[in-house]
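Multiple structures follow.
Next come two complexes, and both contain subunit A; in the first it sits with subunit B, in the second with subunit C.
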Partner chain A sequence: MQHRYKNNLGLWGWLGGGRYGADRYAYALHRLSGLGILAYFLMHIFVTGTRVDGPEAWESAMHFFENPLFRLGEFLVFLAFLYHAVNGIRLVLVELGLLVGKPGLPSYPYSHSVIRQRPVLVVAMVITAVLVLFAGADFLFLTK
Partner chain B sequence: MRESRLWFWHILTAVVILFLLGLHMGIMHMGTLVQALGLGSTHPTASAEVFERSRQFFFMITYIALLGTALFHGLYGFRSILCELSLSKTLQKAIGRLCTAAGFALFLYGTYVAVRVFQMKGV
Partner chain C sequence: MSTSKESGKMKTIVFEVLRYDPEKGGTPHLQEFTVPLHKGMTVLDGLHWIKEHEDPTLTWRSSCRMGICGSCGMFINGLPRLACTNQITHLHSDRVVIKPLPNFDIIRDLVPDLESLFDRHRSVKPYLIRRDRIEQNSPTREYFQSSEELVNYIQFAYCIKCGLCLSACPTVATSEDYTGPQALTQGWRYLADTRDEGTEEHSEELYSKHGVYRCHFAGACSQVCPKGVDPAMAIQLAKQAAFLKSMGLCKDKPGAPVTPPIDNWVSEKEIPKPPEPTVARES
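And now, the complex of A and B:
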């Protein structure tokens, strides 16, 4: 029989950072935002599908979604997109091995790829924060 | 298809989505910014604007492309998450097949919508 490693650690196994720190939380949030966007997108395909029945059908669908709860939901999808996109660019660079750095002798003070990549994580989070602030201002004060 | 190739497509579609969805979100959510740049309005979901966009060739093509890439990227990601749960090989295969079938069905439906609305006259 195929050997299977039991890694069902429950919700905390997914969301907790453990000893891995910031990168692990960034990963949990990436996963959460990805699933959130996916759930929205699957519904979105059917909602935008009402366009096929003409402007009246579209307007009545939009009328249904015209309340603060859905507006907030859409805004959260937008925030999830901002985070997932910026962190995703970082992950693409990491996974293609572009941020690993050159190999070297293990001399003190020891360095490893997670530490070498850390500044990129910080920059990505700062960029996300700026975009989120701008989007928040747009959502709260500027767009009717 | 080999897993490494599917994974590569997951990364590649991420880059494509970045541009397509970036454009879509810019239009839908950055109303004031978009307007400040003289590019759009603050009512992107108003019927007139929705149909105005949908009837342009450019948007039809980008919607179909976004549909395909986002469905693959999202469903492959979803499958990866489930497959981490120490599932049996049979269950993993079934999940893979289900995601593939759902992806193709949604892609066909969404493409039908995009093409039909593009062809609509007098809206």
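And now, the complex of A and C:
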């Protein structure tokens, strides 16, 4: 057999790779935010694990994380959580077949389920944005 | 919006086409061609012009040139599309960048190896399965199906196996094991068909660990589908059906029966008679 050129897009296809609709980027962001939350979770287990070594180790670990960089990191984790939660609710509704409509006779110009559920994506993003604003205000002004 | 360059009286457009020669190997590269543009010209027409006037070695796959056969799927200006149903002026660009469909191996130039698509398609057993094989193989009458029941799957039966959805899908891009939007839709097409009795056979692949639950509704498949098949909906409906079944909210129905023999059939009295022939029949 002649040589074939492997043309799988891999991670690039996962993140973008074309002029697709917003839903495909919502998918990529959902996975990225999920990975972010997972990374935080592993770190969180490690940090709270320092308590086993006594109160001093715990105190020094807590002191280490008072750095503003980690405060920003904490905020980003919270953003990831907000996005993942709100978008996740949309995905649950979609996967229960509630927002995709019913199959019909295909007649041109074609409509499809992704367009039909698009308003819900917009609402989910608006809710996320509002929650992000509240969270930002909280991080900046309400907590030390 | 100006969609092409003016050169004298003749409008031209620049084609950038990905070239790959399997005999030489190496990395594919883009080659530029300047093509005269005329009204109503499709991307496929442009490729034909290049082959005829500029480079006879340019290779692609196409057949019907009217969006029926599904051979000419290509990655055109950032989206997987059929070369035959997309007019150059509708791309709103003075450059047409054509690459072979991603997520498939390149055989040569713009020819993707669709074997992985057909393997995926076969894996869901995309055909009517009946318990009574004798009746199925030598039918006495048709299976009874109402037009409402037909609507549940007819949309998914319009698939032309062009592979655009598989190139657009981000899950396919990273997982070669994923059954993919095309095959999953065909699996659901038979599950939704009231005549089918092979629920178990189709479900085996459909609900496997590489099946419907690997889809997270990126929606790119439905966006690029040239026939309005909407694979994203089929996959969500398959998930919905599995959920309802697991909650005991719906049960498998028996396959549609064979219609009763002709003796029991009563003709509709309201059907008007055909008009008299206007040409005298030969006696």
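Here, the second predicted complex is superposed on the first by the 125 of 144 C-alpha atoms of A that agree within 3 Å, B and C clash if a C-alpha of one lies under 4 Å from a C-alpha of the other, contacts with A are read in each partner's own complex, and residues count from 1 in each chain.
In this section, a residue touches a chain if its C-beta (ideal position, glycine included) is under 8 Å from a C-beta of that chain, and two chains touch if they have at least 3 such contacts.
Bear in mind that the values here come from a model prediction, so they are computed numbers and not experimental data.
Chemist: What is the contact status of A:L96 with respect to subunit B (first) and subunit C (second): first, second, both, or neither?
Modeler: Both: A:L96 reaches subunit B and subunit C.
Chemist: Could you tell me if A:F41 is touching subunit B, subunit C, both of them or neither one (first, second, both, neither)?
Modeler: first
Chemist: Should A:R24 be classified as contacting the first partner (subunit B), the second (subunit C), both, or neither?
Modeler: A:R24 sits against subunit C, while subunit B stays out of touch.
Chemist: Return first, second, both or neither, reflecting whether A:G49 touches subunit B, subunit C, both chains, or no partner chain.
Modeler: first
Chemist: Look at A:A85 in the shared chain and tell me whether it touches subunit B only, subunit C only, both, or neither; answer first, second, both or neither.
Modeler: first
Chemist: Pick one for A:L32: touches subunit B only (first), subunit C only (second), both, or neither.
Modeler: It touches nothing on subunit B or subunit C.
Chemist: Regarding the shared-chain residue A:G104, is it in contact with subunit B (first), subunit C (second), both, or neither?
Modeler: After superposition on chain A, A:G104 lies in contact with subunit C alone.
Chemist: For A:V120, decide between first (touching subunit B), second (touching subunit C), both and neither.
Modeler: A:V120 contacts neither subunit B nor subunit C.
Chemist: Could you pull out which residues of subunit A sit against subunit B in one structure and against subunit C in the other?
Modeler: In subunit A, positions 2, 4-8, 31, 95-96 sit in both the subunit B and subunit C interfaces.
Chemist: Where on subunit C is subunit A touching in the complex?
Modeler: 20, 22-23, 25, 28, 75, 77-80, 100-107, 112-113, 151-156, 158, 168, 170, 172-174, 176, 192, 216-220, 222-223, 225, 227-230, 232-234, 236-237, 239-241, 243
Chemist: Touching residues of subunit A toward subunit C in the complex: what are they?
Modeler: 2-15, 17-21, 23-24, 26-28, 30-31, 91, 94-97, 100-101, 103-108, 110-114
Chemist: Which bits of subunit A are touching subunit B when the two form their complex?
Modeler: 2, 4-8, 31, 34-35, 37-38, 41-42, 45, 48-49, 51-52, 54-55, 58-59, 62, 75, 78, 81, 85, 88-89, 92, 95-96, 134-135, 138-139, 142-144
Chemist: Inside the complex, what are the residues of subunit B that reach subunit A?
Modeler: My answer: residues 11, 14-15, 18, 21-22, 25, 28-33, 42, 45, 47-48, 50-51, 54, 67, 70-71, 74-75, 77-78, 81, 84-86, 88-89, 106, 109-110, 112-113, 116-117, 120, 123.
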